[in-house]
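First chain written, first letter: the chains are A, B, C, D and E, and each begins at residue 1.
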Amino acid sequence: MAKTSASGRPSRLFRNLNAKIAAIPMILTACVVFVGFSAWTILHSFTKSRLLPKLDFVGTAQYERLWASDKWLISIQNLVLFGICMLVFSFVIGFLLACLLDQKIRFEGMFRTILLYPFALSFVVTGVIWQWILNPDFGVQSIIRGMGWESFTFDPLNNGRIVMFGVVIAALWQGTGFVMVLLLAGLRGIDDEIWKASRVDGIPAWKTYLLVIVPMLRPVFVTTLVIVTAGIVKVYDLVVAQTGGGPGISSEVPAKYVYDQMFLNQNLGQGFAASTMMLLTVAIIIIPWAYLEFGGRKRG
Amino acid sequence: TEIEVTHWWTSGGEAAAVAEFAKAFDATGNKWVDGAIAGSGGTARPVMISRITGGDPMGATQFNHGQQAQELVEAGLMRSLEDVAKADGWRDIVHPASILKSCEIDGQIYCVPVNIHSQLWLWLSNAAYEKAGVPVPKDWNEFVAAAPKLREAGIQPLVIGQQPWQASLVLQNVIAAIAGPEVYGKVFNEKNIEAVASPEMEKAFAALETARELATGSNVQEWNQATTMVINGTAGGQIMGDWAQGEFAIADKVAGKDYTCLPGLGLAEIVSTGGDAFYFPKVDDPAITKAQEDLARVMISPEAQVAFNLKKGSMPVRGDVDLATANDCMRKGLDILAKGTVIQGLDQALSADAGTQLADMMVQYFNQPDMSIDDVKKGLVDILQFDS
Amino acid sequence: MHQSVSVTDSSLSIRGLQLSFGAVQVLHDVSMEIGRGEFIVLLGGSGSGKSTILNCIAGLLDVSDGQIFINGRNVTWEEPKDRGIGMVFQSYALYPQMTVRGNLAFGLKNAKLPKDEIARRIDRAARILQIEDYLDRKPGALSGGQRQRVAIGRALVRDVDLFLFDEPLSNLDAKLRAELRVEIKRLHEKLGNTMVYVTHDQIEAMTLASRIALLRHGVIQQFDTPDEIYRRPVNLYVAGFIGSPSMNFLKGRIEGEDFVFNSHRIPLAGYDGRPRDGEAILGVRPEHTGFRTGTDGVTAKVELQEHMGAESVIHLSLDGQRFALRTPDDTHIPEGTTLSLTFDISRASLFDPQSELRL
Amino acid sequence: MEARGPRPRSRISPRSIMIYGTLVLVAIYYLIPLYVMVVTSLKGLPEIRLGNIFSPPVEATFEPWVKAWSQACTGLNCDGLQRGFWNSVRITVPSVIISILIASINGYALANWRFKGAEAFFAVLMIGAFIPYQVMIYPMVILLRELGIYGGLTGLVLVHTVFGMPILTLLFRNYFSTLPEELFKAARVDGTGFWGIYFRIMLPSSLPIIVVAVILQVTGIWNDFLFGVVFTRPEYYPMTVQLNNIVNTTTGVREYNVNMAATILTGLVPLLIYFVSGRLFVRGIAAGAVKG
Amino acid sequence: MHQSVSVTDSSLSIRGLQLSFGAVQVLHDVSMEIGRGEFIVLLGGSGSGKSTILNCIAGLLDVSDGQIFINGRNVTWEEPKDRGIGMVFQSYALYPQMTVRGNLAFGLKNAKLPKDEIARRIDRAARILQIEDYLDRKPGALSGGQRQRVAIGRALVRDVDLFLFDEPLSNLDAKLRAELRVEIKRLHEKLGNTMVYVTHDQIEAMTLASRIALLRHGVIQQFDTPDEIYRRPVNLYVAGFIGSPSMNFLKGRIEGEDFVFNSHRIPLAGYDGRPRDGEAILGVRPEHTGFRTGTDGVTAKVELQEHMGAESVIHLSLDGQRFALRTPDDTHIPEGTTLSLTFDISRASLFDPQSELRL
């Protein structure tokens, strides 16, 4: 302030000091919770911790056991099946519904609310309701049989081979509305003139959606994909509430495996090993995305 | 002093039983704060462990005794009841002694056993057999023989819930009853691999296959849903522990008249003991420490034992009480307990880890018709090796 | 109004167009007859209904009443693609994930044109618009001007007689706008098709149009050649809208052959019209005002001079009222100088203060 | 000139029949579970056992609702859901407020005060959003124990704040980057500092995204079971724990009507919030959430 | 470079400013000395670094190197609010949830000024900008021009010596832009403070600036009065940038006193500069080109005429090359007419084709 001589350049550290202070919760969460806890988990996955975490290392024994376990393999299969079904159906249905709602229709708000309300319910509630509706003794099956189609069989929750589809039905009911809203928001952001241009060009609406709009919505799809995938990987409550992993262990999922190992089997080490595998998978999927999203290009 | 007690006894009969403890405890001038968490141990246990390790322990908590709490004890988080036990002579009054043994770690007693569950029962619906026109079976063999008749009458011969532990209970039953207590002990306590291949075990495995056949078509999840089917006669029988009795009681069914119970599948006079116990986390507050002692004493007191176990449908942990009001089935159990063979339940014999693995395998067996009995044998050997 | 017009000689004919959005009427009885090869500019302020008319012509909006004929055919209820029009948008509206070639071909492929015909048309359009070098780039890799050219190309390949432009240049900066304006004019001369061009920029309107339709609140104020609109605006609004800086307005009275304003009498000899005695407003454009330093006649004080290199605008205070004056002379005139003004009455306009119409 | 061309398109075209038809069918599918819940909750137990789940109650009874709200037992406590309801309120309100406050400050710092490394932390945060919660329970217990806030509301609020942070920060960051940067610059020139800009410029103009955040957090936290049960004492157990106790409590015959009533009661708060602010939700999503 | 400059006599002094975003250097050694009361316009194409310089001056960006002095004080590392500046933005950047009065008062309240002082300043600014009537409206209820005025008012109430404008008018339509341009000029004359104004519109630059800094790729090309930049552009880029339509360039050679172009010899008598023999480019502005119908001397064919009411631009083809010509005469000249051109050499420029510098 006094002299024009020295550069007076303040230290880098103190520029934006307030912003850095404000970001402390985020930094702590990122470092302590997400990085720190993950590291802790990975470390303990090499131990034979049982009820309590202990640092007596057993090398990769937990992993060997993990991959020899039927239950784990089934869990993985189920997750993949569930994930693929969820992604495909929730995106296809969600997008179709978003397109329908985008047609300047009347009562849009009402339809939107109806499609979205299940999202407000917890997975536990969703699981309970759908368990009830899919129950062969008084649910859909018995209704249709009652209407005269005696041989009708739709009993996913008691049939290990198709039980995951029963879970998918419930999960779709719960989550498609949200996908739809995200995509609808994306559609609303598209320049009206694109539509006009395609109409003048004589492109049928479905073709415009498929060839023009979908590619334009790419960033929205990516965001939605991230959100949906995060939910898929974590799926637990729904399965517990709806099938409890049954019949038998045919609807086990990794998150449940982790939980069961840690708290039912009292074998923390094994649970940690399983969660480490989950972390690894997630990282393989997400890190390239995160890199593209936050690292690669500079924001303007 | 208020003391919080956590447990996972929330079903009708269980809750009524717990209320007896609470009543007795409140009578000592303390106050029982109930911390029930429904579900099973799987839901409740992480909460209990978290709270104990998280430094916010409850006053007392239910655990299945056995190996479950051992690490907590080793970590010094649990309070030793040795003083109380010595003073009150628990070692003398608790019968069978093995029940208290499982509370003992390094010579100290850490828990109060509150009941004995006998897990080896076949429950039969008299109404179902009446309807099918066959007499109520007296043992497993008759039960198997009557099954086709039941099928004809549109009745499910055997109902097994789809939860893993129910499946392993069936295994435990057939081995203990058909292969016999010695073989059972060799297999599960000694983890003797050769015993698995013994001819006695072959018979047991054969019975297991039969059980799977009889259970085909049963599609309930929970044990009490299965029991309900027996109660209203849509199923012939269920293999379940004595806690099923609570359900019969609530439905106002009378043992011997409406339903029949066959201990040891009607073939052997054995009980396998398993039970619940209460542990007491270490706390600093002397008032609570005192209350914990009060609670421990209340739980093992004859009066509370009688009241509790009548409601719970289980047997008291002390031989010196008289269950005059016990019903037909419980009498059978008590008799066997007094004179027959006592074997250790799987909870005690196996680690939780091995137990769950076994259960997972068994439930798979019951659900996948293409899984052969040889897979079970092999799996059993693996699990035993793993646990030894 | 339009009963006896023969249709075949006009390329586009709009008759009694009405349009309401809900309760709000946006277009009021808009009628236009547009000849083949004309360049029509729809000019007006924001919200005056320019885009709405264009969208009606294109078939992107359903009219509430009235009819639209293109090449003598009633297309009022036809699909946009069947009307034989090409359209260019303000935001370019290119399909972002397709190459330039893909953008140009998309509509044609959809119309199931043969491959070689498509290639031929794209080549031609690319040559005309000089976008041959970018044909394989995506729109994201093009500059604003190039994108605009591609957008025009998309209309061009449709091989239609009627082009519709909705403010095609307003997203570009001034310099580029001036350049593309000339290009569009050249293009029109080369193709000779009919164009309807929406803008709110009067320079574009003046330089491009063969006729301008000046709109206000959904009503056509004047539909005439640029020269006519510039010289003989039908009313005050048009007079003020066209020209930059705006026309200067002086309130006064007409008395016989003179316009009396304050204490000055300005002879109306040579005025193009039939003024009647009474209150009137004299409108003189800045560029039709002469000056010299001096204190006789109508005088005004210099307040500010804007130098523009080739010319300058002098802002004056004429008896307290602002008055602008435009001159090709850029020499500086100091603030406060008193100028004596002369008006070119032959190019001035007189308006009735009540009806606001030109006298 | 008589020819008027084809008549104007009629209002009821096959196209709109298809659109509305599809939508109505889908809407019915979506409403069925709710219908079943409501209908079941109004029936008596015998009727449930006999009838089918879709038939309306012959004799509507509010008994199950009363029971679910104030009589259903968990262990020895037979006061239904009502206690859990107030606990849920006590948990949800501070958790929602604090988590949104912190996440919006983070988003603001990320969007407007970019400093070196900020994006890296944010990327870690986003990856963290995928980690199953089960993995976090043990270390979290240890952390809370070390901080001395295990078991109380503070700890639970912290847990919700931490786990809500990734998605909320993303929302706010994206939203704030869509606000004109010049607004922020103008405020700096006007002498407002970091916090002044946040509280007086950014926060007041972020209503749409706050609505989204509130909805997401209220539903998330209200519906949470795992954290509520693991990180608190029974005196703070939220409504979902009570619901679990009622639904999972197994007396011989399941009281489906009570279960359903309890389920609806538990879901009522988030449902209400959706029904009331669904419109704002979509607008807010459009305003900030869906941009990369 | 800047060691010996005395600071106190200039209002704003920028010395050796460098700025990089990551690896990209955006500003290259930018230095300017700006006197009290000057109106400086930063002119340049998109991305040339205009806003970046302005943000550095305001303290909204941290410089990589160099210093900034305001009123003789080194403010390089001071907070924006302490620099004594007011700033006006392109998007107005009004606080949407506050009334106009709140917007104006916001900065003052932050500075903890007494209430009556705040009221006084707001009154004064509102009077100057004629926004008294809107003081209690929110920005959403104002038109574009009114918002822009409020934005200026926000700078005004800060009572500072240095105003920074970042394209304040480019969101407005042409007519309003012209009006507000004049108002800003008036305002400057009234207040007499120093202004730094960013624009890419050369008309704004020419009419407003006391000096223009013409930027390209973060380097100042020329920093001089509008007149000087218009008359004697230092290089081809500047010459082409200023003026609309752009200057015409003719490639040829200088031979003694003449510029030889194709087969024509154009005498260079009166040229303002010291041309040397050799290759050269002659730059002539459209408005400095005379014409008459005829076929002698340099001839060109009319391709297109743009009528603008008060004047017209004639686009010609001169031996196949495009050539534009501006004339205050708007009479129509038919396409194809051959014109004979004369150039006002005293206002033309010659450039070296290699260095592109003016000779």
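Just so it is clear, a contact is a pair of C-beta atoms (placed from the backbone, for glycine too) under 8 Å apart; a residue touches a chain by one contact, two chains touch by 3 or more.
Going by UniProt, the chains are A, D = ABC transporter permease subunit; C, E = ATP-binding cassette domain-containing protein.
The structure displayed is predicted, hence computed values, not measured ones.
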| item | value |
| --- | --- |
| Fewest hops from chain A to chain D - one hop per pair of touching chains | 1 |
| From chain C, the most remote chain by mean C-alpha position | B |
| Chain located farthest away, centre of chain E as origin (C-alpha) | B |
| Separation of mean Cα positions, chain D and chain B [Å, integer] | 40 |
| Interchain centroid distance [CA atoms averaged], chain D/chain E, Å | 53 |
| Rounded Å distance between chain A and chain C, as computed from the means of their C-alpha atoms | 54 |
| Where chain C touches two or more other chains at once, by residue number | none |
| Residues of chain A whose C-beta touches two or more other chains | 15, 259, 262 |
| Touching two or more other chains - residue numbers and ranges from chain B | 46, 53 |
| Of chain D, residues touching chain E in the complex | 180, 182-183, 185-192, 196, 200-201, 204-205 |
| Residue ranges of chain C touching chain A (in the complex, touch as defined) | 55, 58-60, 79-82, 85-87, 89-97, 106-107, 110-111, 154, 158, 166 |
| Contacting residues of chain D [partner chain A, same complex] | 16, 19-20, 22-23, 26-27, 29-34, 36-37, 40, 48, 52-54, 102, 105-106, 108-110, 113-115, 118-140, 143, 161-162, 165, 167, 169, 177, 193-195, 198, 215, 219, 222-226, 240, 243-244, 247, 256, 259-260, 263, 266-267, 270-271, 273-275, 278-279, 281-282, 285-286, 289-292 |
| Of all residues in chain D, those that touch chain B in their complex | 73-77, 137, 141-142, 144-145, 148, 150-151, 229-231, 233-234, 241, 244-254 |
| Chain E to chain C touching residues, read off their complex | 45-46, 173-175, 178, 181-182, 185-186, 189, 200-203, 206-207, 226-227, 230, 241-246, 285-288, 303-304, 306-311, 313, 315, 326, 328, 330, 335 |
